[in-house]
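Here is the structure we will look at.
Read from first to last, the chains carry the letters A, B, C and D; within each, the first residue is number 1.
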Amino acid sequence: MDLGFFAQYLINGLVQGITYALVAVGFTLFFGVLDVIKFSHGDVLMLGAFTALAVFLGLDQLASPAWLSLIIMLCIGILAMGLLGALLCKFLVLPLKESPPLNTLLITLMFGSVIREAVRLFFPNGSNPKPFPALLPEASINWGNLNLRLDSVILIITGALAIVVTHLLIQKTRIGLAIRAVAQDEETARLMGIDFKKTVLVTFALGSGLAALSGISTGLYYQEINFSMGLMLGVIGFSAAVVGGLGSIYGAIVGGLLFAFLQTLGAIWFSVPAYKDVFAFAVIIILMAWRPTGLLADRSAERV
Amino acid sequence: MRQTVLQTKKLTVSFGGLKALNGLDVQLYEGEFLGLIGPNGSGKTTFFNALTGIYRPAAGSVLLHGNDITGAPPNKVYAYGITRTFQRLRLATSLSVLDNLIIGNQRNLNLGLWHNIFNRKSFKRQLQEQIQISEELLSRFSRDLAVHLFKPVSSLSMIDRRRVEVCRALISEPNILLLDEPSAGMTPDETRALMDELQDWRVKYPSLSIILIEHEMELINKVSDRCVVLNYGEKIAEGRYSEVSMEPGVRAAYLGED
Amino acid sequence: MIKFQCMSRLWVLSVLCLFLTSCGEDSETIKITFIGPLTGGVSAGGLGGRNSADLAITLRNQAPDAKYKYELVSLDDECKPNVGVQVATKAAANKAIVAGVTHYCSAVAMGTVDVYHKFGLPVIVWGAVLPDITYGNDYLEIHRVNGTMINQNTVAAEFMIAQNFSSWSVIHDTTDYGKGHFKYFERALSESGGTILGTFGVNPDQQDFTAELTKIKALNPEVIYFGGLAPTGVRIRSQMNKLGMTQVFQGTSGIVSDAFIDGVGNLSEGVLAFREGAPTEKLPGGKMFMKAYEARNFNEPAEAYGAFAFAATNLIIDVIEQVGPDRKLIRDMLNETRGHESIVGPVTFDGNGQNTIAVITKYVIQDSEWVVWEDSEYASGKRFLK
Amino acid sequence: MATNRVVGRPFCGTRVITMPDFKTKLAILLGVALSVVVLYGFLYLEREWEIGALLVMVPLGVYFLRRTNALTYYQHAAREMPRFTWISFVLGAVVLIMLLRHDDFALLMLTTVLLYATVSLGLTIQFGFVGVVNFSAVAFFGIGAYSMAALNQHFVFLPDLLIIFFSGAISALLGALLILPILRTRGHYAALITIAFGILFRTFLEVNDVLGGPQGLKVPALEMFGWNFGNSFPSEMGGGSFYVAYAIVALVLVAIVYLITRLIESSWLGLNMDSVRLDEVASAAFGINGPRWKIAAFMLGNCFAGLAGAVYAAMYGFIAPANFNLSDSLLLVSIVLLGGIGNAVAVIPAAFLIVVLPEKFQVIQEYRLLLFGIVVILILRFRPSGLMPRGLRQYFAGRFG
């Protein structure tokens, strides 16, 4: 294969992989503290992108410069979704803590479909795809068959940075310590005087904020968002988190990149690229049979 | 000389590079009450897990009545007549006491499809039988407990749960009973009561051998015939508690004295 | 406690009231059903159709010379065949409903034709384009105002060859819509002498198409043919730009909507698409329709097939005005439709109920607007594709 | 002393409620009658304000019933005489079908509910009993449906009853592909495997034209006992929609599957399955072979799904890959969770809610899924363990010996 095309696939895959990884980190965080799957994650991502778009449309009338708009969009989008995540946790997830864990899954699933339907119905003409402003510099280098665009590079770096910052936040700060403590053992954490509820809320806010970030960067990259964009991203993000190993941020990154890699590979190999999902998910089933707790989760023996 | 029922030879269990058990030789005689002591992390529970097939030994062997059962899966080990309790209670708390006990009596149940689904008459007979056995067993341990036979375990107090767990291990009339720190989470009085009940049981079934993991030294002193002391997965002493506790190595490792 | 008793009595009473009142007879309106996707991924098309059908009904109810009062019963098929069969049964089994304007999604229409036949409900399909819907059976109840994908793709292939294009790469979604379009386009193209360099069936929910597009880039065709609906089309056209691809983008009727232009933005210039039916905006009735639609302030635009839903509803009403609200009579009358004037051109049903006057309109996007090819600056030579 | 004991006796606090036999029977029959009336109303009401009123009235009604302890009494009555209850409910369903015999649409919905309930009973065994999560129920349902279509096409000589059974078997056998990964994983990890399988199944059907591709397949009506199910009942038989026959087949299917589920639950099989779910390690230490029970439950559940899928395909007359999405699997999971995980009875009212409610909301058109989502969230928020949480195991009816 031509080197240029190879590099092109690599870059495409990388952008996708980073997006998946950002979503997967959210799943991993929620699982860590509360052992739940939050199935509305993909829809929160979509709502984040739409919030940012609404902010942009508002700012557009004030004629603010692109970089300023972008920053305001990011801030409001991430904060709003963080808040939504915390509220969701407080009013729908925590009250169901004592009931079967699958019920949390159902309630977040329904919440996701409510968000999705609400955006479709109440965002002006929301059932159609919306153009997302191209606020990043569009310069590109043509190098043989490789078309390397500045915005792809910026997005890859931003995504990677966001993951690194999250990682540092968890490893180095007090609240990060609390999150890790709760993830280890809720009871002990409580006994140590950690405010369990607050920690969980912060984690949900953090994960949802990350979802908003990945929603906005998806919008910036593809320059198009739609109300159902979160569906597949949510499922893939979940798969990436699980394959990587729930509870591990490195696992989420590995899972995300792996999934993007498999999809790209599938698209190259098969004459009908729709098989790429069949391929990716089949490989995932096999991987899970080989490594039942994910690729990177610590496989410490169960305490007996 | 009494007959050896269980014997381990150079039993070794390792996690990654760490040897949780290192060439352990332990013998258990018929009808004996063996105490297993050692500091935290010395490999006591690992020893149980290796015996019951939850962990696969890396080396060495386990002999039951002279037959090699090394690496047998847990359900086989149970079928050989070895039952256990868990340090952190592992009862099915949402099920009734009766259900939990019947789970313990697995090897006496008929699991055939015909018996369970179609021939409900014979199933009913077996159920009645199980209820009777359970009730007798429970009332042996505590008169009040039998009343709670149809209540969920989650509604019981800690001591009662402990009793149910011990009963679950005893109901199938095993040859060997492994008790993993039954005193955890109980008051000394409660522990004493439980031990007395166990002693009564031993009188009825003199051939039952018991291995007890315990932190409470006084308890070990009182009930055990013999002691094995572990440290870092190795046996550092063996004998009567009164002798063992005097050994300098044990005092150093276990009691934290220099 | 007294309060409680009081309340529970009140409850029993109100439930009784509920039952008694709901036993009352319905009013004297004539019911026509509209079925299309009102929720989910392709709801934009469905809502546009629903609004248009609704508009037809309202306009007729306002007309002084109308014999009857009409009522539209709109049902949501979610673009899922099983739900489609459910709502089709609901409509068809309801004797008060005399005719239907049904289905945007072909797979749903395929599933429901048997139901309509079984219950004898005459329907006009307003959006689904799979040929088998009318040609796969000989049910008298099934009609269709819009053309099939065969007509569309024959015209498309011939037109493109005439524009001196010779090589294509195809991306189509793997639904019946995309796959069907590909099949008929391939057939038409092989007759006209074009070549297809590569075909890529993709999942319509897919977000990222860069891998497929990179592959196409390596094949370097002159035209990228896309068989699918606007949301997917928007993504593909935008992502072509990501990879610096400047091929001509040729779509199907599924992208003829403002949503496509809105979604793609500036990149839409020079995108081609083909749609059955005469261009709405050029017919006198069509202008009226667009104005009336505007005036109603619907939340959603009419989309590509709104005009067909409007035409189908009007056709049904015209027939009812003639023969009265009787399913059999309506069915037979519909089958005799010849040259009926509508906002999508004259409608003539053949033996299978298919509208044979298959006018196919060629569109190109010029300055962010769908323009009929013949009127565009591309046709007059002022602008060039590519 | 052991003779007059109540086995698995229901407790209401510390009080045991006792009632004489005929009164119990009366209470059960009353409950059945009430359910039939409510369901009839539910299927029959159409208009906007009626649905609105229903949404207010039903929760209020349930609240009143609870306040008067009627539900508790009823629950106990049903536990005292499960067989009588079961038979009365089946008869009640027959009455309901007869009442609706001219209403094609209501029958179609009713039959769909019964078939979804059948699949949900399979899921109840899978994750209610043994704890294997299955997010690809609709894939196995689809395998059943496609088997029906394919066998009907290629093996015309096979009687349809046999084809239905084969469809169930094929479903179970294809499910066997997943056994190894499912046995090795647990919890969310196992969930992923089934999700992956579901997506894989759907995409495969769509991309491949072997089984009709995205355009779907037509399925001929059932033909059993010399009766073509596509025919309406002639007037000399009292008339009635052709759906009556399907409704009865579905009723028989769900009744049998329910019976099997309950027998499993009230035997050592169910006990062992519960034990595996609650603590696999401890179960193993008492001789319970976890993998064996997981495999059995997984296969059986998928078989139920396949059986239901076969009847579903024949009734709808048309199947397409778009019927078998991940969202449909999640809908089936919702039925089990909303009802109360592991409780076989709860599956039926929950299936009613999940299947019929969105249909009732057709009056608000594009807003219906939004409202549906909100209603489910509210139910779960206020009944976190589902509508009817599972009680203690009951091996036999109330009185013993």
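To be clear about the criterion, a residue touches a chain if its C-beta (ideal position, glycine included) is under 8 Å from a C-beta of that chain, and two chains touch if they have at least 3 such contacts.
Bear in mind the structure is a predicted one, so any value in this text is a computation, not a measurement.
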Distance-maximising chain from chain B - centres being C-alpha averages: C
Chain ID, smallest distance between chain and overall C-alpha centroids: D
Where chain A and chain C are represented by their mean Cα positions, the distance between them in whole Å: 35
Mean-CA-position distance for chain D and chain B (Å): 42
Rounded Å distance between chain A and chain B, as computed from the means of their C-alpha atoms: 47
Sites on chain A at which at least two other chains make contact: 117, 272, 274, 277, 304
In chain C, residues with contacts to at least two other chains: 39-40, 43, 47, 174, 201, 203
Multi-chain contact residues (two or more partners), chain B: 54, 86
In the complex with chain C, residue positions of chain D that touch it: 41, 44-47, 50, 53-54, 57, 60-61, 64, 67-68, 103-105, 108-109, 112, 203, 206-207, 213-216, 218, 230, 241, 316-320, 322-323, 325, 359, 362, 365-366, 368-369
Interface residues, chain A side, partner chain C - complex: 2, 5, 8-9, 12-13, 15-16, 117, 120, 124-125, 127-131, 140, 142, 145, 147, 149, 152, 218, 221-224, 226, 228-229, 231-233, 263-264, 267-268, 271-274, 276-277
Contacting residues of chain C [partner chain A, same complex]: 39-41, 43-44, 47, 174, 198-203, 205-208, 210-212, 214-215, 217-218, 230-231, 234-235, 238-239, 242-244, 257-259, 262-265, 299-301
Parts of chain C lying in touch with chain D, wherever the complex brings them together: 4, 7-8, 11, 14-15, 18-19, 22, 38-40, 43, 47, 50, 74-76, 79-82, 85-87, 89-90, 92-94, 106-107, 110-112, 114-115, 118-119, 130, 132, 174-176, 179-180, 201, 203
Of all residues in chain B, those that touch chain D in their complex: 52-54, 73-75, 77-79, 83-84, 86, 90-96, 98-99, 102-104, 106-107, 109-111, 113, 116-117, 120, 123-124, 127-128, 131-132, 135, 150-152, 168, 172
